[in-house]
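What follows is a set of structures for review.
Shared between the two complexes below is chain A, which has chain B as its partner in the first and chain C in the second.
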Partner chain A sequence: MSGNNKHHISYGTYIIVWLALLAFTSLTVTIAGVNLGRYTLFIALSIAAIKSALVINIFMHIKFDEPIFKVFLGISGSTLFIIFLLTFFDYIYR
Partner chain B sequence: MSDHQEAAVHQLHRDDAGARMGMWLFLFTEVLLFGGMFLVYAVYRYQYPDQFHLAARELNTTLGTLNTIILLTSSLTVALSIAALQNGNKFLSLILLSATLLFALTFMVIKYFEWTTKIAHGIYPGSPELLTKPNGQILFFGLYYVMTGLHGLHVLVGMVVISFMIVFIARDKVTPDNYVKLENSGLYWHLVDLIWIFLFPLFYLIQ
Partner chain C sequence: MANEIAVKNFYQQSTNKHTGILSWLLTKDHKRIGLMYMMAIMSFFVVGMIIGLLMRLELIAPGRTIMNAQTYNTLFTLHGVIMIFLFIIPGLPAIFGNFFLPIQIGAADVAFPRLNLLSWYIYMIGATLVIVSLFLPGGPIDTGWTFYIPYSIRSTTNVSMALFAAFVLGFSSILTGINFITTVHRLRAPGMGFFKMPLFVWATYATAWIQIIATPVIAITILLVIIERAFGVGIFDPALGGDPILFQHMFWIYSHPAVYIMILPAMGVVSEIIPTFSRRTIFGYKQIAYSSLAIAFIGYLVWAHHMFSSGMSDTARWIFSLLTFIVALPSGVKIFNWVATMYKGSIDPQPPFLWVMNFIFLFSIGGLTGLVLGSLATDIHLTDTYFVVAHFHYVMFGGTGTIFFAALHYWFPKMFGRMYNMKFARIAVVLYFIGFNMLYFPKFIMGYMGMPRRYYDYLPQFTPYQRISTIGSWILVGTIFFIFGYLIHALRKGKKATSNPWGGVTMEWHIPSPPPLENFKTIPTVTHEPYDFSQLKEMKNE
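This part shows the complex of A and B:
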C-alpha cells in the first residue's frame, strides 16, 4: 500500500484549526469597519494569507506531505507572484 | 522477475502519492486561472480605488460573512470525513460528507438570493442602470459577477464530486485502505474554500 498518507491528523486538530479560521474571519470583518486608510487592504490580505496557510498546511495536509509537494507549491506560488510583480512593474512605470 | 510475477505485482501496485501529485498539478492550473482574474482585479482596483470602494458598498457584507463561515465549516467537515474513514468509521464519514453537501447547497442558495437581489436592483453586466455609472464601478461589478460566478461553478462541480464520493464509500469503492479519491476530492474542495478566502475581503470588505 504505497503512499497512503501515513500521518493521521486527529479530529481535535481540525476543529482547533476551524475555530482559528472563524476567529480570523471575525477579526477581518471587524477591522474592515475601522478606517485604517492605506493599510486596510494590506491587513485584509495578510489575514487572508494566514487563513490560507492554515487551510493548506492542515486541511490539505501539506505540512505532513513529502517535500516534493512543498516544492510544487513554492513554484506555483512564485510563478503567480512574478506575474503580479511584472504586470505592476509594467503598469506603474509605463 | 518472471512475466507472471510482474503481472501479479502490477495488479497490486497503486500509486497514491502519484494520484495526489496529479491532483495538485491540476489545482495549480486552477490557481493560475483564478490568479489571472485576481490580476485584472488588482490592476483595475489600483486604477479606480475610489469607485471600487463606492461600488463595494452595494454588496451585502452580512451575507458574504455568512457564506465565508459556511464554506470554512464545509471544509472542516470534508477534512473530518477523511479522518473518520481513516479511523474505519464509514458511517461517520458518510454523515460528514452529507453535511458538506448541505453546506455547499446553503452557500449556493445564499449566492442565488444575493445575485437576484442585485439583478432586481438593475445591477448586472450590461444593464442600462449599470452603464450610466462610471467605468470603475462597471468594472467592479463585471469582476464581481465573473469571479464569484466562476467560483460558484466550482462549488457546483465540488457538489457533484462529493456526491460521487458518498456513493463510492457507500458501495465500498472507497475504503479505509484505499481512499485517495476521497483525499483528492477533499483537496479540490479546500481549493474552492481558499479562493473564497481571497474573494471575500476583496469584494465584500472594502468599504
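This part shows the complex of A and C:
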C-alpha cells in the first residue's frame, strides 16, 4: 500500500511534474482561444487526460502501488471513458 | 446454540465507555450504526409517505381541494427528494448492508468502523440541511426531484440549499461504498472465497461500486448548478449560452445508475429469502452473482433513455433505446433463477417469502412497463405522463420498497431477538398488495390516456381513476402503519427468537439472536457453499 511502500519520489520529480501541469494548463487556455472546430473538445479532453495521468501516477503514487489499485482505477477510468463516448453520440450528431 | 446464554448481545455491550444515548452516538459497532440508520431512514420514510398521502388527497377531486398549486409543487418535490435521497438510496445498504454484510462474510465489523459512523453523521447533516431549506426565506424547493434546468436556475425557492443537501448526502453514500468494498476484499473469513459469499453480499458489493463511481458525477453537477445560480456562469442556462441538455446528461449519468443502487441490494435480499424458504440451494449461483455485476455495469450505459424527448440527437436516441433493452437480460437471469430455485423446493410460505412473492409480481409489472418506455415511439407518447409515475413506483416502491419490508420481516428476529405476530404479518402482505395496486395501477391507465405528471388539476374524465388511486393510498398507508404497529409491539412483547427461526444457513443464522458485540466468538472457517442446506442438521446439533 502507498503508506508502506518504500519508493521515494524526489522533490525534483515533483517540481518537474508540477511545471508540466502548469504548462498543460496554459496550453488548454491558449487552445480555448483558437478555433479548431470540432477538434477543440477532443484536444482539451486529451490534455486533461494527460494531466490526470500525471497526478494519479506521481502525486497519488499509483504507479508504485499494488496492482489491485490499478485494477480499481482502471474500472473507474474505463467507465468514465464509456460515459464520454456515449455522450458524444448526442453532441456529434445533434 | 450453547453460547446463546453465556454471551452478551450487542445491545448489552458497547464499543465505548459510555452508556445510554452516548454509547449509541459514539458507537463503532456496525450493527448499532445500522440500527441508527434504520431509525433515521424510517422516520424520513414516514414523512415522505405522509406528503404522498396529502398529494393524493388533493387529487381526490378536480380543482383545489386542500392546498394551492404552489404547495402541491413543493410537496411533490419534497416527496421525491425525501424518498429518493433519504429513503430508497441509503435504505437497504445502510441498514441491512451495515448490519449483515460483515456477519455474512464472517467478519467482526466493517473495515473502517469510524468511517462508518462518520457516514451516518454526514447522512444526518444532509438530512438536516433538507429540513432547514424548508423553513428559510424563499421557501421549500419546487423544481421536482430532478432539478431540471432552466427552471432550477430561475426558481426563487431554496434550490441551492436543497441541492447542497443532496451533495452532502452523496458523500455519505460514497464513504459507505468504500467501506463495503474494502470489507469484502479484506475481511472475508478463512475459506470464504468470492464464490462462497452470500448473494446479498454480492449485490451490496456491486452496489458499492456504483456508489463510488457514479455519485461524484451528481456532486459535480450539483456544484455547477449552485455556481450557476450564484454567479450566472452559463454552463447549463441557454439564456447565458449554456446547454440544458448537458445538465440532463450529467444528472442521469448518476441518477440512472442510482436506480440500480436502489434495486440491486433488494435483489440480493430476494436471493437470500427464496432459498431459505424453499429449503433448496439457489439455482444458478454464479449467474446471479455475475448478473449483479452486469446490471451494475450496464446501468451506466442507459441513462439517456430518460431524455428521449429532450432534443438530443436521433443517433443517441436509438443507441440508448437499444442499450436499454440489454438491461432486461441480467434482470431476466435473476427472475428465472429465483423461480427455478423454488421449483421442486419444499416451500414454507412464511411472511418474508410472501413479501418476496409480492415483489416478483409488482417488480415484473414495473420491469415490463419499462420496456414500453424504453421503446422510442411509445416513450414519446408516454413521456411525462402518469404512466412514467406508475412505472417508477412499481419498480422502486413495488421493488425496493416491498423488499425493504421483506428484509425487515426476514431479519427482524435476528436484529431484535423477538418474533412478531405471523397472522398479522400475513394479513399485512395481502392488504399491501391490494392498496399498492389500487394506488398505482390506475396511473398506468391515466398516463396512457394522457394525464400529465406533476399536475395539480385534471380533466373530469380522470376523476374515477384518481379517486380509486386515492382510496388505494389510504389502504396502503394504513397497512404500513399496521406493520409498524405489530413490529413495535413485538419489540416489547414478542416471543423470544431462537438463533435460527427460519432454518437459514448463511452465517447470520449460526450466531445468537441478537448477535454478540463482535458477531463471532472466534472468526469462523467457512467450509460449506453459501446455500448448502445439508448444514441444517449440523447447526441443530451445535
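Quick notes
The working rule: the second predicted complex is superposed on the first by the 77 of 94 C-alpha atoms of A that agree within 3 Å, B and C clash if a C-alpha of one lies under 4 Å from a C-alpha of the other, contacts with A are read in each partner's own complex, and residues count from 1 in each chain.
Please note the rule applied: contacts are C-beta pairs under 8 Å (C-beta built on N, C-alpha and C of every residue); 3 or more make two chains touch, one makes a residue touch a chain.
In this text, all values refer to a predicted model and were calculated from it rather than measured experimentally.
When the shared chain is aligned, chain C comes close enough to touch A:Tyr93, but chain B does not. In the superposition on chain A, contact of A:Ile82 is made with chain C only, not with chain B.
Once the two complexes are laid over each other on the shared chain, residue contacts for A:Ile56 go to chain B alone; chain C is not touched.
More residues of chain A are touched by B (comparison of chain B with chain C). In the overlay built on the shared chain, the residue A:Ala44 is in contact with chain B alone; chain C does not reach it. Under the contact criterion defined above, the residues of chain A that touch both chain B in one complex and chain C in the other are 68, 76, 79-80, 83, 87, 91. Of all residues in chain A, only 1-5, 8-11, 14-15, 17-18, 21-22, 25, 28-29, 32, 40-41, 44-45, 47-48, 51-52, 55-56, 58-60, 65-66, 68-69, 72-73, 76, 79-80, 83-84, 87-88, 91 touch chain B in the complex they form.
Chain C makes touch with chain A in their complex at residues 185, 209, 212-213, 217, 245, 249, 253, 297, 300-301, 304, 312-316, 319-320. Considering their complex, residues 68, 75-76, 79-80, 82-83, 86-87, 89-94 of chain A touch chain C. Across the interface of their complex, chain A is touched by residues 13-21, 24-25, 28, 31-32, 35, 39, 42-43, 46, 61, 65, 68-69, 72-73, 75-76, 78-80, 83, 86-87, 177-180, 183, 186-187, 190, 193-194, 197-198, 200-202, 205-207 of chain B.
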